[in-house]
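Labels for the chains are A, B and C, by order of writing; each one numbers its residues from 1.
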Amino acid sequence: MPIIKTSEDRALRLGTGAFAVFVVLLVAGIGVVLTQQSVLSIRKFGLAFWTRSTWNPVSGEFGALPFIWGTLYSSLIALLIAAPIALGIAIFINEISPLKLRQPLSYLTELLAAIPSIVYGLWGIFVLVPIVRKLELLAPEWLKKVPLFTGPPLGVGMLSAGVILAVMVVPLTSSVAREILRGVPMTQREAALALGATRWEAIRIALGYGRTGIIGAVMLGLGRALGETMAVTMVIGNNPQVSTSLFAPQYTMAAVIANEFTEAADELYLHALIEIGLVLFLITIVVNALSRILTRRVVRA
Amino acid sequence: MDEVKITVRDFDFYYGTNKVLHAISLDIPKNRVTALIGPSGCGKSTFLRSINRMNDIIPGIRVDGKILVDDVDVYGSGIDVVSLRRRVGMVFQKSNPFPKSIYENVAYGLRINGLRDKRKLDEAVSRSLDRAALLDEVKDRLNASALALSGGQQQRLCIARALAVDPDVLLMDEPASALDPIATQKIEELVFDLKKNYTIVIVTHNMQQAARVSDRTAFFMLGKLVEYDDTRTIFMNPSVKLTEDYITGRFG
Amino acid sequence: MRKFKSNLIVALCGASVLLALVPLAMILFYVISRGFSALNWAFFTQTPKPVGEAGGGMGNAIVGTLILIVIAGVIAIPVGVLSGVHLAEFKGTRFSSMVRFAADVLNGVPSIVIGIFAYAIIVLPLKRFSAIAGGFALAIIVIPVVARTTEELLRLVPGGLKEAALALGATRAKAMFSVILPAALPGILTGILVALARVAGETAPLLFTAFNNRFFSTNVTQPIGSLTVQVFTYALSPYDDWIRQAWAGALVLVTMILILSIIARVATRRLERMARG
């Protein structure tokens, strides 16, 4: 005899489910609405939109290559800087620091995450950019021949954007990495130590145990960096060009939307911007979904 | 023979495909204490929780056979689980007071049934606390948090809370297993007192406890009812060898 | 040698903590020192002066930010909390894992993209920027956070409480709303407060939803100013006085967020103590 569900249970399920469905509809809705609103650009340019680098609203020529390049490049720089630091912080707080320091240290790194993007941007223009410009001026002539460091020392540009993104990504990545390390059983480290391993060798065992999760933590940081808008907009120089130089002012997908959306007078222009938003949305969904899968598996184990 | 309150006939219980109770049949007398004993995992708690259908919240379960309370099949179609549980109260192994005041804990069952009248609530709260032998200890601090009470007091509060909705059956799932000997003794005295007004079914690990408080005892093993008789008979002169081995501590 | 390598790496880990604290210290230092000198009574009470004129303040933007948060809360709290209730109560179903996944995805969607969505479904049909559109965009950011926090906290409530309520004849819904949810409420409220504080610092989703407004406005169908957008506008301006005000705005913003976080912490502790008695 199966157990009968009462009608109140069904009411609870449907009543709260109606709100939960809203969450799913929002995600689907964003995809649908953004596609609808970028249809002019998609029809007119097709895939060429992503391979052309002319961005001329006046003549109606739209190619998004500089933006996708700038977004990927700046996020890559940010990750190269942030990943080792975030991992170092996670290791220090979880495995090395005296117990008394753990709480305040994790609180301080969380504080870094609470500071709004716009405040990072303000600090970026008036403090970080002048410092970066001084560093760029110090670069010797032979270094400026390397494609990474060509161009005039403006301060604003890819380097400043990468650094500011790195600062913003560190707290998220390190807190997820700490979560992963906390999930590694104590016995793993003890086994290594009992075999005569040094402190670092024991930590490496723990890192190896949680490696998929740590990759997930870094990817979560990547997802954040790809979509970050205000701080980058304020320091990257907003110049749609594809350049390998760290000194060159460039542009990102999020930044062009923030800067030009309210100026987009004709529909095609607006649709081109929304298409950039649509692709940004799709990229971040993939990156975030991957990182969730990687981190969840480890936390469960 | 006493008047029968609960009749169980060929009752089977499954977790998924796993059959954990096999054809249980017994009659539980009114206004008596019936103890369910047996080794861990023998199904005594599952059986207890079948009487007020607390197992319903576990997904994937299935039952066969009948459990009748006052001649009504609790698994019959059209049975309202909610009103069943009002008539068949339950006290759990781990005391579980709500994070509310003492007063609100006892009043909870009445409030969710729509009782708003402050005077009636007051009356019911103090009557229930009195029956649970807790009133004298808490009457000056009814608005204090229930979580501030000692373990034994919390358990008696849970009993008071169950009594407040005026059930006629009280199911107790090892109510004293987490308590010290003095608190345990208080609970046992309370159980003995309560049987004047309630039919009590108590699961216990502690055989002395079963011997002290109960009138009838059912011995369960591996999901089967091995023997069911007057407590005195079970402990002094069991008819099944298995029961005797268990009672005398030859396994367990 | 092995010992040396171990010590070196331990030292590097310590160094990375310091390295992360440098920007934190710098940001707080600059925001406080530059912001404080530009703060005065007029900053809180007056509206912006016309271009090039010194003086004025961000009173309208502060009120605007508060209005936007209230709109976001009104939309996001019921949706978020009830979704969380569903996730906690019906955790095993396929629908629940879909919702959980959607919430995590939504949490990772860049806020600027959410701004475009709000623009398309509210600004375009109404044919103007409005506080409602801005608040809606912020709500979308808050919903997944509230839903997941609610779910996690409900799961921390001991199962015995639910059993006790059901055994007294409560329905599942009654058990949830009269026992389980109240037991988790202090934590949930904190989560909501922190999420709203964070969202008060968002700029990108407001740029083309709430837009900006130089004047005091409480009309939710009109464009409205906000601290963040105002700071953005002033920071990129060529006027020293505006740049000083941008720092002051940043200081107010950071202070507001920190105070809300602290209130949230204190409130949880007090509520927990009350629950314990």
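Everything that follows uses one rule, which is that a contact is a pair of C-beta atoms (placed from the backbone, for glycine too) under 8 Å apart; a residue touches a chain by one contact, two chains touch by 3 or more.
Predicted model only: the values in this text are computed from it and were never measured.
Among all pairs of chains, A-C has the largest number of C-beta pairs in contact.
Innermost chain of the displayed assembly, by C-alpha centre distance to the whole-protein C-alpha centre, is C.
Each chain's centre was taken as the mean of its CA atoms, and the one lying most distant from chain A is B.
For the pair chain A and chain B, the distance between C-alpha centroids works out to 56 Å.
Look at where the CA atoms of chain A average out and do the same for chain C: the two points lie 18 Å apart. If you average the Cα atoms of chain B and of chain C, the two centres end up 48 Å apart. Along chain A, residues 6, 8 each make contact with two or more other chains. The set of chain B residues touching two or more other chains comprises 82. Annotation for chain C: residues 171-172, 174 touch two or more other chains.
On the side of chain B, the complex with chain C involves touching residues 52, 54, 57, 59, 82-86, 89-90, 92, 94, 96-101, 108-109, 111-113, 144-148, 158, 161-162, 165. Residues 2-3, 5-6, 9-10, 12-17, 19-21, 23-24, 26-27, 30-31, 78-79, 82-83, 85-87, 89-90, 95-96, 98-99, 101-114, 116-117, 119-121, 140, 143-144, 147, 171-174, 176, 197-198, 200-204, 207-208, 211, 228, 231-232, 235-236, 243, 246-247, 250, 253-254, 257-258, 261 of chain C touch chain A in their complex. On the chain C side of its complex with chain B, the touching residues are 92, 158, 160-172, 174, 178-179, 182-183, 274-277.
Residues 6, 8-9, 11-13, 15-17, 19-24, 26-27, 29-30, 33-34, 36-37, 84-89, 91-93, 96, 105, 108-109, 111-112, 114-123, 125-127, 167, 170-171, 174, 198-201, 203, 220, 223-224, 226-230, 234, 254, 257-258, 261-262, 274, 277, 280-281, 284-285, 287-289, 292 of chain A are the ones touching chain C in the complex.
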